[in-house]
Structures are given as C-alpha cells and as structure tokens.
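Look at the two complexes coming up: subunit A is in both, with subunit B in one and subunit C in the other.
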Partner chain A sequence: MMEILKPVFYLLIFPGLLFTGVLGLFFMWVDRKVTALIQSRMGPPWYQCYVDIGKLLYKQVIIPAGSNRLSFVTAPLIGLAGISLAGGIIWMVNINKSVSFIGDLIVVMYLLVLPSLALIIGGAASRNPFSSVGASREMTMVFAYELPFILVIFTAVIKTRSVIFADIITYQIQNGAMFWSVSGIVAVAVFLICMLAKLCYLPFDIPEAESEIIGGTLAEYSGALLAIFKLTNAMMLLALPLFLITLFLGGIVVSSIKGILFLILKYLVILILVILVKSTHPRLRIDQALKFFLGPVLGLAIISVILTVLGV
Partner chain B sequence: MFSILEKCFKKSIWVYHTNASACNGCDIEIINALTPFYDAERFGIKLVGSPRHADALLVTGAVSRQVCPRLKTLYKSVPEPKLVFAIGSCATGGGIWFDSYNLVGGVDKVIPVNFYIPGCPPRPEAILFGVAVALGLVDKKVVAEYLKEKGFPELVHERPVAESLWAK
Partner chain C sequence: MNISPVLLVIIPVLSAPLAWILKGGLREWFSVAVTLCVLILSVFLFPMVIETPLHYDLFKVTDNIVITVNLDLLSIVIITLISFLGFLATLYSTRYMTQSRGLNKYYCLLLLFIGSMNGTVLSGDLFSMFLLWEAMTMAAFFLVIFDNTIESIKAGIKYFVMSEMGALFMLFAIIAIYFQEGTVDMATLASRGITVSSNFRHMLLLFFLLGTGVKAGIIPIHTWLPDAHPAAPSPVSALLSGVMIKVGIYMMIRIFCHIFSPVFSWQFILCALGSASIIIGVMMAIKQVDAKRLLAYHSVSQIGYIVLGIGTGVSVGIAGGLFHLLNHAMFKGLLFLSIGAVIHRMKSRNLSDYGGLARAMPITFITCSIAALSISGIPPFNGFVSKWMIYIGLVQRFTTDGSAFTVVWLAAAMFGSALTLASFVKLIYATFLTVPEKPQGVKEVSVAMWTPMVVMAGLCIIFGVVAWEIPLKFFVLPVVPGVSFSGYWQPGLATLLLIVAFIAGGIIFIAGRLKKVAVSTPFVGGEEFEPEMGVSPEGFYHTIKNAEFFKAIYHQAEKKRFDIYDIGKNIVVIFSGALSSIHTGILSTYLLWIIAGLVILLLVNHVGF
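And now, the complex of A and B:
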C-alpha cells in the first residue's frame, strides 16, 4: 500500500504539485513586486498571487459554443501534469540521487514542452480567431526556441557523457560547477534567453500579447481552467531556474543550511536577471523573434557545443 | 472554504474597460488610474485584455443604439460573479444626452450596473475611490439616510398649532 502511495505523495504533495505550486506563486509575487519597484510604485501585497488563484477558482467557467469541449477542458490539465512531474523529478534527483534513472534528463526535457503544447491545444480548441493566432504563434515560438534550448542542454551531456541527472550533479561536485568555463557561460546565457521565451515573458510574450491579441491562446479561458494555466506558469517560473541550477550551476544541496542559502541566492540572481530583462524590454514581432532565435541564439548554442567538444 | 474564495474576489479585481460611445475623455482617465503613478495593482486591480478574464467592467459613455447589442454580448461573456462600473456623467444617466434620439442614455438602461462614478470626466482619484468604496476598502462619504416625519407643527412652534392659536 505504501509503495503505491509514495509516488502519489511525491507527485501531488511534496516536491510535485502543491510544493512547487505554492513556492512558484510566491516567486510570481516576487516578480510582480520587483517589477513594481522598477516602475517606482508599491506593488501588490504578498498574498496577491494566491488570492488571484482563489478568485479564479471561485468564478464561473465558460466553455465557448462550438469549441471542442474535450480538448478545451483537458489542455490545461496536460500542462499542469507535465510541469508538476518535471518539477517533482528535478527536486527529487537533487534530494536523493538514487532515484535518478537512465534518461531522466531527456524525460524532463520532454515534460517541459508539455505546457507549451497545452497552450497550443487549448488555443486551437477554443474556436476564437485570437486564440488561433496565439496558438499558431506559440507553435512558431516552440520551433524557434527548442533547438537552441536542447543544444545547450547537450553541452552538459557531452561534458559528463551521461543523460542521468545524478551523474551530472556528481560531476559538478567533483569538478566544480559547469558554469566556470567559456562554454558553460555561453550555455547559461542561451538557456536564460530560451527560458524567457518558455515562460512567455516580455520580449517574447508574442503568443499571449495582451494588448495585441487579447491574451492570445488564453483569450477564451475563464475561471478554474485559467487558474490552472496561471498555476502552470508559476510552476514553470520555479522549475526552469532549478533545472538551470541543476545542470550548470552546481546542483541543489539541501542537506546543509549553507547549501540551502546558496540555492536561494542562485535562484534569486537568476530570477532578478529575468525580471530586469522582462520589465525593460518591449515586445518583439514574431518574425523578429524567429530571426533572433534561429540566428544569433542558435549560433551561440552551436559555439557552446563546439567549445564543449574542444574541452574549453 | 467557499467563503474564503468569496473573500478572494474582493482582493483581486481584474478589470476590462470598454467604450460605449463615449467621447474618450473618461477612457483616458481610466487608463490614467491604471498607470504606475496611481498604482492600482496595490489593491489587486489589474487590466486584462479579454472579457473572459475580467471581474469588473468599466463602461463609459451614453450607450448609442449601435453599441447596445454589443454591450449586452460583452456583459454575457464575462463569467459570474461580475461587477459593472458606470464611469462618467454619460454612463451614469446619459449626461447631456439624456433625451437624445439616437442614444439610450445611461448604461443601466442596457445592463445592470452595480456602481456609478459620476464626473465629466471623473478624476483618476475619483475612479480609484469609487472602486475602493465598492471593494469595502474605505467607508462611504455619504450614507443614505431616511428622514422620519416628525409632524409640521412641532417642528415650527414646538407645540401643536391649535394650542398656540388658543394661547393668543
């Protein structure tokens, strides 16, 4: 009985849905507060993001006439399932290295695409021109940023010659963080840019452009289904920087207080870097974003891979 | 559990603003109220692009006949529970167009309105104050009071009229 309940507990309570969700919403508030400070205003109180989710759960869910009901309702759940599993795996391999299995890095890479996939399915199912435009833009963006994203993840794989998280973490404990090399620095830079696009943050929030295509893929979502999408985004905000820390910045050490403090420091530096870029840049056009990702960013990613193969 | 979620509603109002044949003056003031200077986000107020995400509709303008069916559709497309704010003199009662032939004259003739914020145009402070009153953040300045009829003679002479006449 316990053997069955353990994975459920891991997935739903501790490193999975609840834990990542609550922490993610807290850091979502940090994001809004820092943005407010940059714009020299007070910003929302600390409970704002929880209240937003609570309010959305309280509201009516409208399913638009003529939409595909099944895909419209299940799309947010697909995204939430993917990100809670990915968040759970990233936490668990760092806490207990023995749970790591062959290919878990590749599994996490796939699971991190699921939220974008959910947006595409939901947008296409909702039978609204704005949602359709948003879905098509999201699809284009996924094709644009996934290639450099996967390439920079492979730099870690090439260096350690393993697709197991545990090996990558132990390699970094023995040889120092992957960040302290030329290829590592380039890889982290490319990872951060791709992270902005994955989170739908401002220079690349093209699929969700609020002032342009009224929320894009989310335009027809209301109530609890919208709350699930917002929660998914908040969990991405926690899971993606942790993925970066695990791969390039020396992993997560939770056994000592010093390790936890270092983790918080690393996480906050990444978060504030992301927020600074987000709140000081205007939105790009879809063709500009495509050129940016398949031009300089892909070039940097390839350079990082070549440097890794050369051993720099 | 449900009451907690109900309380959440007042702490996070996402607004959608719409122009129902207004002269654009009130719209500029609404946008002004949402700028960093007034910082509506500290009350949890956020501007959203889609009526599906909205909790409150900010409607400006005396509704013209062309806008009328669109406004009804817009009201239907906002999920329950929802608030409607009529902003500006035209929206509250038609303003100077109260008897115009092609304007309905007031938002409340088309959709149910919860709160009125008069002014031509209302200042951004007035809009924020109105929303804050609606959310229960500040007390109302004027409270509706029902006067009891005391009787005319006692008010004037402190004695019944007949008695004062006889005293002379």
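And now, the complex of A and C:
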C-alpha cells in the first residue's frame, strides 16, 4: 500500500500539485508585480492570485450551448494532470536521484505537451469561433516551437549520452553546468524563447490575444474550469524554468541552504528575464511567429546542436 | 507432422467459394464464423509455438524447392494479429457493407485476402512465400476496386502496378538466391548465411527492400497508399493499413534481421528512410481534408517509426518497432473503423461535411479520440510506450556510435509525434467538435459496427497501461530477446498518477461548483452566431500551409512531382510517345520502315560474317 501512497503523496501534496501550484501562484504574483513596476503601476498585493483562484472557484460555471460537455469539462483536467506529473517528476529527480528512470526526460517532454493539448481540446469543444481560432493558433504554435525545443534539449542528451535526468545532473555536478559553453548559452537562449511560447506570454500570446480574439481558447471558460486553466499556467511558470535549471544550469540542490538560495536566484533571474521580454514586446502575428521559430530560432537550435557535437 | 497451422490458410481459402454461393444473411454470418475459427485456431496455436516453434516440410516441388511451414514466435504474433483484425473487420462489414452490391464477391475476396496473408507469414521458404504474396496482392487489388468507381479503379491499378514492380525486384532476388545458394528455405539460409560477394549481397538487399518497401509504404515508394486506402471500403482500409502493410514489414524483418543478418551498413539507410517517412508522411497528412486520405498518410508516417525501430539494430529498438507494429494495427484499424462509421452515416469523406458529431455518435467520438491520442503517443496510451522504446533504442545506439545522425533521427521521430497530434487535433475538431454547417440528424451506428471499435479501443488502453505485463511479455519480448524490464517507464504507476491528478482536478471542479452549471449561447461579441464563423478544416492550418517553404513543397506535391508512380508514368508516356509517332498509319511509311529494317538486317549479317 505504501508503495502506491508514496507516489500519490509526491504527486498531490509535495512536490506536485499543491506545492507547485501554491508556489506557482506566488510567482504569478511576482510576474504581475514586476510587470506593474515596469509600467509604473502599483500592482496587486501578494495574495491577489490566490484570491483570484478562490473567486473563480466560487463563481458559476457556464457551459456554451450545444457544445460537447465531455470534452469541454475534461480538457482543463488533462492539462492539470499532465503538468502535475511533469512538475512532480522534475522536482523528484533533483531531490532524490534514485527515482530517475530510463527515458524520464522524454516522458517529461511529452507531459509538457498536455497543457497545450488541453487548451486545444477545450478551445475546439467551446463551439465559439474565437475559441476555434485560438485552438488553431495554439496548434500552429506547438508546430512552430516544438522542433527547436526538442533540438536544444537534445544538446544535453548529446553531451551526456543519456536520456536520464539523474545522469544529466550528475554530469553537471562533475563538469560544471552545461550553460558554461558556447553551445550551452545558445541552447539556453533558444529554450527561453520556446518557454515564452509555451507559457503563452507576449510576444507569443497569439492563441489567447485578448484584444483580437477575446482570450481565444479560454473565451468560453468560466468559474472552476477557468480556475484550473489558470492554475495549470501558474504551475507551468514554475515547472518550465525548473526544467531549464535541471538541464542546463546545474540542477537543483535542496540539501543545503546555499543550494536553495542559488536555486531561488537562478529561478528569479530566469523569471525576470521572461517578464522583461514579456512586458516590452508587442504581439506577433501567427505567420510572423511561425516564420520566426522555423527560421532564426530553429537555426540557432541547429547551431547549438552542431556546436555540441563539435564539443564547443 | 502437425497439420493445424496449414488450416490457418486452408480454412479461409476453402470457405471463400462457399461465401460466394451462400445467400443473404447466411453469407455474412458464415464469413464471421470462418474468421472466428481462424482466430480461435491461432490463439490455440500460440502457447504451443511459445514452447516449440514449428518447422516442417509440406511437400517437395523439386529437390531444391521444398514448400515448408515455419511457425515461429514472430510469425504467430503476426498471424494472430491478422486473424484478430480479420475477424473484427468481417464483423464490422456485416453492417457497413449492407448497401453495396455484389457482396458475395466481397466476402469471398475478404476470406481469400485473410487466408493469403496468413499463408505469406506462415511459409518458411521464399518460393511459396512469393506465390502467396502475389495472391495477397491480387485479393487486395480486387478489394480496392470493389466500389467500381473511376477513382477506385485508378487507385487499384496504381496499387497493382507499384506492387508488381516491387514484386519483380523481389522475384529477381529470390531467383538469384536460388541459383547462388541452391535453396530457398529461409531457415537454412539464415543458419548458413548468405555466401555471395559483398556487392551482390547489397544488390539483393536493395531489391528486397524495394519489394517489401512498396508493400509497407516507405517513402518514396509509398504513393499507392494514399490513393488506395480512401478508395477501398472502410473495413478493407482497416485491413490494408492494419495488417497488409505489416506483412511487408514482417518480410523486411525476416530479410534484414534473419536471413541477411547482420546488416550494419543498411541500418543507416533504414533509419534515414524511416525518419523521412515519419516527417514527410505526417506533413502531407496535415493538409488533407479527405478523412481517409489523411489516415493513409499517417500509415506512411507510422510505418516510418517501425522501420526506424528496426533500423536501430538495438534489441530495445527492434522490440519497440515490433510493438509499434502491433499498436499501429490496433489504433489505425480503429481509426479506419471509426471514420468508416462516420462515413457510413454522413455518406462523405470530406472533413468539411462533418461537424458536431460528438453528440450524435458518442461511442464513435470516444473510440476515435482514444485512437487519436494513442497514435499521437500521448501517455498513458499504447503508442507512447512503443515510441518511447524506439527513442530509447536510438539513444542506446547513440551511446555506442556517437553519430550525430542518430540525434537527427531521434529529433525527427519526436517532432513527428507532435505533428501527428496536430493532424489528429484537426481531424477530431472537424469531425466531432466544430459546429456543422447544416443540421444532420444522424445517429450512432449499430452494435455490430461499434463492438469491434470498442474492443480495439480497450486494447489501445490495455496495451498502454499494462504494457510490460501483457503485450510486451507475451508478444514482443519472446521474439526479441535481450530487453530487460528494470528501470524503465512504468506505465501502470504513471497512469495511476495521471488518473489521481485528473480526479484531484475533478474535485476542484466539483468543490467549486457551488451553484448549478448554467448553459448559455457562445459569446460572439453580440453578433448572431453563424456556423461558418468557425475555422474550417481547410483553414485550420492555413498559416502552416501558406508559410513560404511549405507552400512551395505542397504546390509541387499537388502536381505529383514527387510521386514515383507519376514520374514513371511520364517516362513511359514520353518513351511510348516517341515510338507511337512512328506508327502513323500511312502504308508507304510502314513500307519504308520494312525496307530500312531489311537493309539493317542485311548489313548486320554482312558485317557479322
């Protein structure tokens, strides 16, 4: 019984759903506060994101008439399940390397697609033209950023010759972080750009685009279902930078105070970088974004792979 | 001598004429009973073969050509698959085909098709294998042209011509082996090894690759597939894509992994062809609006995964390829049957004519969604496990050879998986979720049609969740030894965790639902809601289709510039055009040619002596 309960605990309480969710919502507030400061506003108080979720949970759920209820209701849950498991795995492999298994890196990459899939299914099931435009754009974005994203992750695989998180972390402990090489810097840059797209942040918030397609995929969502989508996004905001830290920035060390401070520092640097880009760039058009990802970004990713193969 | 394996061929082939004679409902149920018999027989043979593989001579044709029966683990797995899908497709046909004419022909051909596929896999020598291979091609050809429309006849002829071109190459290779080695028995060849010179050996392998590759649908000799699959009736498409192309793969495994093993230099080519098939197949699928054509292109793409798995040359990769073969039979068969159900109701293959069917056909919607998630490799469904094994195979290969190409194959495979998802999102959206242009008034298909679909959907889940405990343990790992269980992805636990997280989300949803759920019309900015406001299937990937690079490629592909059949046809037309210009029909010109010929003959004669 314990063998089953332990993973369930990891998944739901720590470091999975609850922990990542609560922490993610906190960093969501950091995001909003820093954006506000850049725009010379006050910004919300620290508890704002929790209150938002609470309010949404309390509000009535409205389902669009004639839509497919099954897909409409299950879509947000698929995304939440995917990100909970992915976040849990990323935390756990760092805390306790022995839980790492062969190919866990690939599993996490697949699980990170689930939130996008959830948005697409939800948008498609909404029976709303704005939502279907959003779904189409979201899928086009996945198409655009997925190949560079896969390629830069593979630079870590090429270097360590392994698809196991534990090996990648051990390699970095022995040889220093992947970041400290030309290929590593390029890879991190590409990863950050793809992360913006995965988080649906400006300049790549094309699938949501409040000002043109009124929130796109999320247009018809309300109440608890919207809360789950928001929670998923908050968890992504924490899990994706952690994924980056694990792969390229030396992993997460939680056994010492120094390690935890370093982790927070690394995370905040990534977060601030993301926020700076986000709050200073206008939105691209979908065809521009596609061109951007399959042009320069893909080029950089390929350069990074070639440099890694050459050992630079 | 245990005669029972031969019954796998004899029963369906001998029942075929009976299916022709019988009338009405009796014919349908007779065919279902026959295929059920074959299925039961193959299931009974399974444990027997696991203990001792069967290999014996049936009869002697000449001293060197002996027809042998070879039933080892690999063949029994494929045979069980053929019998299983054959049974389900026949059951499905009983309701699907009711409006077609000439059903006696249909069931007769269906039984012949299943029998000849079983025979191809069962035969232990290249001679009988080739004969049954050709019988399979013939049966499939007549099934493709069954609807007797211009489209199906064109597709059928294309299939036939391309298959026969491949078969000719294979025949040449078989004859060459016969004269060089003095035997066509596969087991003897495998144990003794092929003794021909290196260059000749490569040529033989190339010919075998062409022969089996056409059947399997590898790029660039896949082009019959997207034409033949849509043209055939849906149960036949399910069989074509589900098992017939797997017979091609089966032969490829026999040739590359048994008879000519080891073939290191060809692993690279197999990997390259596999990766190219994955990406090109799925990129073509993304832009299709014909539902079955879309599925056909995905067959090309998924076959790419299987070939890539075999090409890794690492046990876990080969096992992954073989497992993907089984999984592909499940989810692609299921997709064809589900879309077949939609076609049965909507009388159209065009995605633009569908829409909002989730409500009218809930079972089809769920089975089709499960199949779509499986083929896209979403955990915890079966497609994920086999694709994952192929990736691990590639990584293992990379750790040993360190070639950068291996990383390219890996990236292609993983990117292909995302593209597959993209393509199926469009299919599900356009068929089941979007708002239909006009009200349709359809209802769910009958029990005989949805039972096979539900069975296969169940298998998609079972093969994914308890992958190590059931399918891999019984079907795959005995065939490919050397794969250990420990330290791998545990689908059972992961599924449990996904379900737990799913339920946790559900609890959040229910806890938050303090007030009753309300239903309201979608918000369209205050305008009147019109169905055409949504995104059409053609428009779903408008941006991708119109990106400069893809636009040019798609434009060329539409003109059939990459279709080897059309290239060949053009060459033949040019060549015959030159010849036909001589045939003017004017008597004096012909006389001139006769005299010219006579002069040349005389000259040759003169010089020759």
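Assume the second predicted complex is superposed on the first by the 312 of 312 C-alpha atoms of A that agree within 3 Å, B and C clash if a C-alpha of one lies under 4 Å from a C-alpha of the other, contacts with A are read in each partner's own complex, and residues count from 1 in each chain.
Note that in this section contacts are C-beta pairs under 8 Å (C-beta built on N, C-alpha and C of every residue); 3 or more make two chains touch, one makes a residue touch a chain.
Since this is a predicted model, take the numbers as computed values, not measurements.
**Student:** After the superposition on A, what does A:51 contact: first (subunit B), second (subunit C), both or neither?
**Tutor:** First partner only.
**Student:** Touch test for A:167: subunit B only (first), subunit C only (second), both, or neither?
**Tutor:** Neither partner.
**Student:** Considering only the touch criterion stated at the top, classify A:36 as touching first (subunit B), second (subunit C), both, or neither.
**Tutor:** The first partner, subunit B, only.
**Student:** Decide which partner touches more residues of subunit A, taking subunit B and subunit C as the two options.
**Tutor:** C
**Student:** Counting only touches as set out at the top, which of subunit B and subunit C does A:220 meet: first, second, both, neither?
**Tutor:** both
**Student:** In the superposed arrangement, which partner chain does A:211 touch: subunit B (first), subunit C (second), both, or neither?
**Tutor:** First partner only, subunit B.
**Student:** Regarding the shared-chain residue A:127, is it in contact with subunit B (first), subunit C (second), both, or neither?
**Tutor:** Only subunit C is touched by A:127; subunit B is not.
**Student:** With both complexes overlaid on chain A, does A:61 touch subunit B (first), subunit C (second), both or neither?
**Tutor:** After superposing on A, A:61 lies in contact with both subunit B and subunit C.
**Student:** Which residues would you name on subunit A as touching subunit B in one complex and subunit C in the other?
**Tutor:** In subunit A, positions 57-62, 130, 214, 219-220, 223 sit in both the subunit B and subunit C interfaces.
**Student:** Across the complex, what residues on subunit C touch subunit A?
**Tutor:** Counting only subunit C, the residues touching subunit A are 356, 358-359, 362, 365-366, 377-379, 384, 388, 391-392, 395, 398-399, 402, 404, 407, 410-411, 414-415, 417-419, 421-422, 425-426, 428-429, 432-435, 487-490, 493-494, 496-502, 504-506, 508-525, 533-535, 539-544, 546-549.
**Student:** Mind pulling up the subunit B residues that touch subunit A in the complex?
**Tutor:** So the residues of subunit B in touch with subunit A come to 2, 4-6, 8-9, 11-12, 36-37, 39, 41-42, 44, 48-50, 52-53, 55, 77, 79-81.
**Student:** Would you tell me which residues of subunit A are touching subunit B in their complex?
**Tutor:** Its residues touching subunit B are 32, 36, 39-45, 47-48, 51-52, 54-55, 57-62, 130, 210-211, 214-215, 218-223, 226.
**Student:** So in the complex, the part of subunit A that touches subunit C is made up of which residues?
**Tutor:** Contact set of subunit A toward subunit C: 4, 7-8, 11-12, 16-17, 56-68, 70-71, 73, 76-78, 80-82, 84-85, 88, 101-104, 106-107, 109-111, 113-114, 117, 120-121, 124-133, 135-137, 139-140, 142-143, 146-147, 150-151, 154, 157-158, 161-163, 214, 219-220, 223-225, 227-228, 231, 286-287, 290-291, 294, 305-306, 309.
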